[in-house]
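Take a look at the structure below.
Going by the order they are written in, the chains are A, B, C and D; count residues from 1 in each one.
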Amino acid sequence: MLSKSLGGKRGSLVAILAIYIGLLLVAYLNSPNLGNFGITVLSGLFQGMLLFLVAAAMSIVFGLMDVLNLAQGAIFMIGAYVAYDAQHPGGVIDLTAVVPNNDVRFIVALALGFGAGALLGFILERVFLRPLYVRPIFQLVLTFGVSLILIELAQIVWGTTPNSWVEMFGVRENFFVLFGQRFSTYRLFVVGFGFVLIIVIGLLLKRTRLGIIIRAGVEDREMVQSLGINVKAVFTLVFTLGCAVAALGGAVAAPFLGAAPSLANTYLLTAIAAVVLGGMGSYYGTAIASLLVGLAVAVAQDATIGTSLGVLPSITPLLLLILVLLVRPSGLFGSSR
Amino acid sequence: MTEPLLEGRQLRKAFGGLVAVDEVSLQIAPGSAHSIIGPNGAGKTTLFNLLSGRYRPTSGTVWFKGRNITKLPVYQRAHIGMGRSFQITNLFPQLTVLENVRLAVQAKGNDSFRLLRRVDTFTAPIEKALEVLELVGLRESAALPASVLPHGGKRKLELAILLAGDPEILLLDEPTAGMASEQVPELMATIDRVRRDGGQTIVLVEHNMNVVMSISDRITVMHLGRLLAEGTPTEIAGNTLVQDVYLGQLYDLSAGETPQS
Amino acid sequence: MNSLKSFLKRDGWMLFIFIGLLAFPFIVATLTGSSPTGVPRGDRMIMRGESVRWQAVLIEVFILSLLAMSYNLLFGFTGVVSFGHALFFGLSGYIFGILLEYTALDTGLATGLGIVLGIAASGLLGLGIGLATLRLKGVYFAIFTLALAEMAYIFFSRLQLTKAEDGFAIGELPVWLDPTQSRLTFYYITLAVFVVGFLLLRRLMASPTGAVFKAIRENEDRAQSIGFNTLRFKLLSLVIAGMMAGAAGILQVMLNKKVGPEMLGLTYTIDPLLMTIIGGTGTLLGPVIGAAGLHLLDVGLRDQVIALGGASIRIADVWGLILGAIFILVVMVFPYGIVGTYQRWRLKRQHRGDPASAATSRAARRQSG
Amino acid sequence: MNDSAPVLAIENIHTFIGQFHILEGASVAVQQGGITVLLGRNGAGKTTTLKSVMGITPPSQGSIHFRGEPLAGKPSNVIAQMGIGYVPEHRAIFRELTVKENLQIAERKRGDLARRGDLIFDLFPDLKRLYGLPGGNLSGGQQQMLAMARALVPENHLLLIDEPSEGLAPVIIEQLMRAITRLTDHASVLLVEQNFRVASRLANDYVIVDEGQSVASGLIANLVNDDALIQRYLGVA
């Protein structure tokens, strides 16, 4: 069933399972105890989930519209800034006075991040991308330019120095103890939230009319249009939702990563790595690849702590990307069409 | 029959589960004009692409002048004397008409890695290109970008690019496709003239029956991925089986048809 | 005699500009009453005064032009989109810098060796990338190069040996070459490299090889079917572009007397892309005009302050924003860039009045669409 | 001939695809409840005629009226919404979608599929059995049935069907022909068919398209006996 929804690429599935097991094995052997191992895995899943939020929409949008949205990382960054800003006294959209309850305010901040992403996505598609559907290379260049502008804007509005999360909302500071190690409740929450989202989006694609239209559109847009469906409107909707989810990812990540201009390019490249690994346009492929990249980074972080190889974790996704492209030019689950 | 110039042996091509060409063998005699016809979906374009090297056959072999060329890359086929045209006009649109043809001349020679000599000091390829343009009647348009030629002109340029490579065999994929009807005779006259002057062998996929009947020495008829009949234009015109296919006889299963999935 | 006349008619204006650039340091010196060689202090020269200041600006224009031209060879002439051009630029810069600072070689020898090795390494890198990946289709190739450049960036920003993020300074260059000592000489050297690079590229694009590059950009399938092994030509294009960008990187290191990971950063990929698109992709002069225009604009506006309502905005702070806006404007409104749009306009004017002109412009529109 | 206004009236259209001048003056009419077949050789412009109606390759000259309304300038989704179903050449079903999803996507109003389910399964009983399978797993004939069924999900007044018999075995063709005949209770049909025998059994009216122009039209019953016309435009010689 899973192999079918991945385009029947059984070999790739086996390969990816082997990589997963290998990674877990390395993590296990590297851990002094079970608790440490657990922390590495949780950290990997956490990072993988954040990645998924950026990569999933990128993959779907590419499959449906043939647009690789290079502004997706910048939108993630904007989401982080908006959520951060709403939580802090003296911010541009300071909500501390309006919503005094920390937890409620956090939820509102997430919603604001989501909304900001949606708005940006809507404008980007309607105003900028729509005239360029006939010139694909220029779309790539354009979203790249938009990414630049968003990064610059963020620096103008919020300054160039990275903001780390000063005042955590309640959950972040909670820990629970397992195998003698303290686990962050917030990370667990994000991982859970991510799994729910993977399933929700999956169901959306599988069950809803919009999902059917998206999957059909990936195959044959002209025919979808001939059935009476306004494909342009679907493009706008999908692109808007995609940007909204990426911004939500940024908002969710903010308590851990803070808000900084560098988030944009870091997450763009890592997400591209996940998208390509998963095979562009393959939703579950992207989900699996995102978690894989996250796990690989966490294992690399754990393995290189205190060594001179500190650079390894940050280049792990790129290494994976390059290796996969060399071996399989269209990704692990991509169609060779 | 003399040794065939181009030959397909038991060619078969499947796309996924769909068999587009099924065990077709075909011999093209040197100096002949050989047309491949058949109703839509008969597999004639696929057969053509197998012969020209665009597709690799699922099984079977392609032979040119007694040499097995099944696995020869496309760019090398040009060097051994095969030239193909495309159904959809396929030019270098921003380059001039002359440049389009000159490149094809150059491709045959050894000048392509002369990085620092100006192109216009290589006079021989330019003269050759102009000669070919004269032949197809495009000499006056030599300096225009290819993209501004009218459609008929583009098809002629397509032909000129082919001829510039000095091919022994011309594989023409629907040369009249999309042309306004009144331009067709002119192009066909050009093809015919070229062939008589240069003595090239021609393989033609075409749906315009007037063209096929007037230009061909031999005709191969495809139907449902298989070879249905082969013969001279007169034989084919009188062949009842072919008539039936073109007019759509409903066969019953016993008539040798296989259901296709 | 006759050929001289036709040369002057065709290229006279370029010669004119070249002479202008040769005289430039002295013209500025005369106009501002400053010295073209700087101010002597003891046995050293101090680079102070309008003339040397503007020499530095033009030196950067030459370097950026070289970089943009090499990008244009790939993107504009051969149709290969790379998002990792900074790789060539930065790698040769690092090789050059490391030879000067981390080896015990004599300064002159290290400089010469650095130039040769840096450029050779860029060429080899191009060859390697090409062999490994030119079979990748458009977007994938772009991503591959982006990932490679970013990896190099991260690697060098963490490498303690080369002072990680800060980069390292070049202590000593041969005095005659050192822009902090002999800026005028260095000005002429970069001008020479730039002019030679431009002429070589022009020659290349007028050669049979250049014709094949353009053919690949226009229609790679067809180029194959008329008999070109397009992979070999794409490799060649990548190697030449890599070497040119490598040369630009070395000049940049000489100018700033510093090597740092920023040379491998996205900026040096985006800038040449931007300059090429603004100037006109696939035109010889486009990248030069784009590079000169953007850099001069940057220099001219950097210190300006605009009062907007109550707030005052320093242009330098919003420079990236302005660049981005130009970027988007050009992509959406002038996809052919300055030179490309001009050429189209001239073509249209030439055809005005003859009946084919309508068809020409229609065809051109359709091409663009 | 039917006296009432035709469901579809194509008048003298010219259509370009890029610089290809495909249609050079084609006129076709489809009567209420009738089947009109477009005949002609490969490349004559039959498929382009259907695509011109659908707005996929809009004509640059001439007019197309559907139930009295002009279609000029409308995008294909709006044209479809007006009540035209399109069954393109090579089926164009969605291979990754199940049969059920292929039908669901064609719904224009909620419950269309439920309303038309009986009719569809009555015409194409096979589909019931294949309901959960991906379209790509179906045989050519089954895919053709699915493509036609898909056009039946919403209430269409006109169906454009392109070469339904292409590449199919005779038994399957027979089944399809029976289905098409019964379709006319629900919609008028404009059919492209190269198989003359199939065409002559199905259609009421014919239009012969040759080199982008409609060169002859009338009742199919008259054409069957007109050997000269058949030879001239449809035969091999």
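Throughout what follows, a contact is a pair of C-beta atoms (placed from the backbone, for glycine too) under 8 Å apart; a residue touches a chain by one contact, two chains touch by 3 or more.
What you see is a predicted model; the values in this text were computed from it and never measured.
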Fewest touching-chain hops separating subunit A from subunit B: 2
Farthest from subunit C in C-alpha centre terms, which chain would that be? D
Which whole number of Å gives the spacing of the CA centres of subunit A and subunit C? 34
The distance between the C-alpha centres of subunit B and subunit D, rounded to whole Å, is 32
Averaging over Cα atoms per chain, report the distance between subunit C and subunit D in Å. 57
Hey, how far is the Cα centre of subunit A from the one of subunit D, in Å? 45
Among all residues of subunit D, those touching at least two other chains are 19
Could you check subunit B for residues that touch two or more other chains and list them? 150
At which residue positions does subunit C touch at least two other chains? 363, 366
Considering the complex alone, what residue numbers of subunit C touch subunit A? 81, 132-133, 135-140, 142-144, 146-148, 150-151, 154-155, 158-160, 266, 270, 273, 277, 317-318, 320-321, 323-325, 327-328, 331-332, 335, 369
Once bound in the complex, which stretches of subunit C touch subunit B? 200, 203-204, 206-212, 214-215, 218-219, 221-230, 233, 236, 282, 356, 359-360, 363-364, 366-367
Where on subunit D is subunit B touching in the complex? 17, 19-22, 24, 41-43, 89, 139-141, 163, 165-174, 193-199, 211-213, 230, 234-237
Could you pull out which subunit B residues touch subunit C in their complex? 73-79, 83-84, 86, 90-95, 99, 102-104, 106-108, 111-120, 122, 147-148, 150, 161, 164-165
Contacting residues of subunit A [partner subunit C, same complex]: 68, 128, 131-132, 134-135, 137-138, 140-142, 144-146, 148-149, 151-153, 155-156, 265, 269, 272-273, 276, 308, 310-311, 314-315, 318-319, 321-322, 325-326, 329-330
